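The following blocks contain the structures, represented as structure tokens.
Each of the two complexes below includes subunit A, the first together with subunit B, the second together with subunit C.
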Partner chain A sequence: MFARVKTYKALARGVVLESIRRKDLWVVAILGFLILIGSGALGFFGVDGMQVFVKDLAVTVLGAFSTIVAVMTSTRLLPEEIKQRTLYPLLARPISRLDLLIGKLAGAIAVTWLAFFLLASLTSVALLSFHVRFEAIMVQYMVAKMMGLALMCAFGVMLSVYMTPSAAATTAFVFTFGSSILIRAMTSAYEVASPGMQFVFKFINAILPQFTLFDMGGRAANVGWDPVPMWVMAFLLVYLVIYGSGLVTIAWTRFNRRAL
Partner chain B sequence: MSDAILVEDLQVRYRSKKGRWIEAVKGLSFQVAPGEVVGFLGPNGAGKSSTLKALMGFVAPNSGRCEIFGISAGTLAAKSRIGYLPEVAMYYPYLNPVETLMLYGELQGLGGKKLKEETHHLLEVVGLKDAKKKLNKSLSKGMLQRVGIAQSLLGDPDLLILDEVTSGLDPVGRKELRHLLLERKNAGATLFFSSHELSEVDMLCDRILLINQGKMVEERLMAPLKDELRNYSIAFRGQAPLHDLTQDLDAQGEIHRARFQTKDALMQAVARVQAAGGELVDIVSQEGSLEDYFINTIERAA
Partner chain C sequence: MKIWYAPFAAVSLMAAIGWSTDEVTPKVNPPIRRERSDAGDSSLGSQIQTSASGWLWAYTEVYLANGIKMRRMTQKEAAENGFNDGRDHGTTVIPPPAKDFRGIFGDVDRSVNAWNAVQRFKQNDPRQCLPLFRLMTWLDPNFVEAWTNGAMVIAMDRTEKANQMAMEFLREGYKRNPDCVDIPTTFGMLEITRHRDFDKSIGFFQKAVENGQRRFDALSENEKQAFLSAYRWLTLAYRNTGRLKQMNQAIREGLTYFPDDQVMPGTGRPSIVPPASYQPPIGVTTRAL
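== the complex of A and B ==
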């Protein structure tokens, strides 16, 4: 078990180091800096009653940019390994393809979380400059978001095993950004559908990862809202573990049989 | 004792982009004994890389058996005994050679101070002492090949599988590599490599396997093959009856020259020239061309 963890750590460190040196995270830092300046300007002019708007804007921007990082990082990792032929010396070591998959996923999650931390830190500074109180729900929003980002990474890695990198990224964006629209559309269609189709909708709803579950942005944007009960957070963690493992298994099923 | 490599009736097929099945390896069988140095030769598309990939578990054979030291090829136990150099060695562009080797070392199960020392030692051995902190993306093709060679030697593996080992190396690099591989051979490691550089094969191998179109064409020990390829010739003045020993005779002025396939024929010719009162001007024993042998054998097989 310890050897496995060491393997995942080594693989994930490689991904993070490459990402930092490729300056992927610089883009995130610049975006965060722009948020900071923008919010600082609003704070400077002292616009009253804008706290909710600014908080809403901050969590939306935070969510959007971290989702972009999660999707772009996770969908290109394995295809790049195959294209650049860096996969061969890795798999020549005594590690299995599942180990490689998990190690790379851990790397994608680490990069995404790093970007999220960077953005969240800058956003927090911006909010504080706006005299916005940092409530417990905000912390819960961030923890839930991080779990959601991990699930997005697993989804992205899974898609990249079955599709080209651009197709995987597009599909991942549709399911992450369009998740709420998709579910709303299915809910509307469900009400008028035949019993057979209702079963199909239920089935699709059950198997698709529900990224919106992890988005507490709307709740966090409001002022004075109570934090959610801890069992909700525990449920999210269990959901992440079950769906994350499922997505890795689906990816491994294909990747393990693939001729390299 | 188990063979270092055992390949039995190996078949590897790929599906092309057009959906057609392509048979890359067609019922290949061979063994490599522990401590042996074996060259795996064949023209482009002969099935060398596919065979090596099957040995590494990168492709699953459609039928047949591949074993490494008696363990099924591609398993973690088998891979733990192999050092592998891929045909086109590419390494993470934003890592430097030290970080690259540390990464592979950790995946090999090595770690700590020992891995650090081995990493620096290997990079020094392959001539990358001054470039070990440069990012891989700034290294030349030859330098990247050296990184590849260094990573394949990590953990002192019992078996080295090297695909196109001299690719990208300059003559100095090739000489250094030869020295390095001979050191590993003397230390008891088994070497199995493919190369288009027949001079390297000539200098390193105990045995060669020649394949074409996915099938074994010839399997030869190097020493007898070299003897067989050796050319012998004499130059002499005077007359001597040599027509039953060779047809390859010519004359320039009063000097006659005769070429022979075997050492026996040469010795007989020398005796006849001397018995006939002729004067020997020159006796030459020349190594034959492995390249000619390679081309002729492949052409014959095709």
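== the complex of A and C ==
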């Protein structure tokens, strides 16, 4: 067990180092710089007492940029290893393909969280400059967002096993940004739908990744909302573990049979 | 030819094109005022502008409702809730537990998002929406409702500084929309309600009426309302400055456009025209007088 954890750690470290070597985090730093420039431009509006707008903008930008990093990092890991033939020396070591998959996923999560922390720190500086008051819900927003990003990484890795990196990235973006729209449409249309269609709605809702549940931005950006109950945070963690495991299993089923 | 000539020439050409866009843009993409706050016009660029500003317009409601997202009720929902008056009614985008088929996913969704069956009626300070109005007017300077609503929100403070800021905002909007009805009407309303300057307001209402008469057939529903409003306020301003002849003339003129209106003739009824020496008793509001 310990040896396995050590393997995952080594693989994840490789992904992080590769990301630093590819200067991915530079892109994140540039995006962060844009946040600070943007917040400077906001001062032009005179945002005193307009905390809702500033916080809303912050969570929107943070959510969008961190999602982009998660998708772009996770969808290219395995295809690149295969394309550059660096997968062979890796698999020549005493590790299984499942270990490789989990290790790579852990690396993608680590890079995404690193980028998220970087962006969150720069956003916090911008918020502090506008004297925005931090509430307990902000901490929950961060924790839930990190869990959501981990789920996105698992989704991206799973797609990359079945598709080309570009197709996987596009599909992942469609689901991460579009699943909430689809779910809202289904909840609105459910009552007027036929019984057959209602069953279809229930089925789609059950299998669709519920990324929207991990985004507390709407609550964090507005005023006077209490932190969410702990059972909700526990549910999100359980959902992440179960759904994430399912995605890894689907990816492994294909990756294990793949001729390299 | 030296190698840098070509890039230099290309950059110069690009700069020349860039400089001339101010003159070209009004010809190839003339400003078109939208008919309604949620409608766009035909050109692609303008559609993006108006869609973005329309989205921001709708998003002000989210700010006002403290983050709770609302949508229009379907006809079935309206009937179930006893709203059979033919008007639009809102309900939360995330349905209440009794109407949500998602089970625990729905419960979690309601917990992590801004959702509260009771609090949905609570309104935030409209001033939180000011940056949205500023963005709307940047994106679509012909979106007149954004200028007028933004100005009224700025002027909510009822301080002289806020009044001046609102007037400045309106002036900027009027420069972009010199033929509109709403902005001069709002100018006049601010002069009356904030400065109690009826004389100065008359000029604005006259301008609004003039614009409305000139473009009456092309006025949208919102602009027609502003046109009617301009006549009503003009009538009131004439009455309160003792210009009864002009008041009667304005009422006659206004009724040719809005023959069913009861307010204009009501304003001119002799029984409610106060004498010049009239002083309202303490405690009686004088905002409209």
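Methods note: the second predicted complex is superposed on the first by the 249 of 260 C-alpha atoms of A that agree within 3 Å, B and C clash if a C-alpha of one lies under 4 Å from a C-alpha of the other, contacts with A are read in each partner's own complex, and residues count from 1 in each chain.
Keep this in mind: a contact is a pair of C-beta atoms (placed from the backbone, for glycine too) under 8 Å apart; a residue touches a chain by one contact, two chains touch by 3 or more.
None of the values given here were measured: they were computed from a predicted structure.
With both structures placed on the common chain, the touch criterion links A:Leu247 to neither subunit B nor subunit C. Contacts of A:Ile35 after superposition on the shared chain: neither subunit B nor subunit C is touched. Judged by the touch definition given at the top, the superposed model places A:Ala70 against neither subunit B nor subunit C.
Shared-chain residue A:Ala150: touches no atom of subunit B or subunit C. In the superposition on chain A, A:Trp225 makes contact with subunit C only, while subunit B stays out of contact range.
By the touch criterion defined above, A:Asn205 reaches subunit C but does not reach subunit B.
Here subunit B and subunit C are compared by how many residues of subunit A each touches, and C touches more. Of the two partner chains placed around the shared chain by superposition, neither subunit B nor subunit C is touched by A:Met158. Using the contact criterion defined above for the overlaid structures, shared-chain residue A:Ser188 touches subunit C, although it does not reach subunit B. Contacts of subunit A with subunit B, set against its contacts with subunit C after fitting on chain A, share not one residue. Against subunit A, the residues of subunit C that register as touching in their complex are 63, 66-67, 69, 71, 74, 76-77, 93-95, 99-102, 104-106, 108-109, 111-114, 124-125, 127-132, 134. Taken in their complex, subunit B has these residues touching subunit A: 14, 53, 56-60, 76-77, 79-80, 82, 84, 86, 88-95, 99, 103-104, 106-109, 111, 135, 148, 151-152. Touching subunit C in their complex are the following residues of subunit A: 42, 45, 47, 49-53, 56, 144, 183-184, 187-188, 190-192, 198, 201-202, 205, 210, 212-216, 218-219, 221-225, 228-229, 232, 235-236. Of all residues in subunit A, only 3, 6-7, 9-11, 13-14, 17-18, 21-22, 84-86, 88-96, 257, 259-260 touch subunit B in the complex they form.
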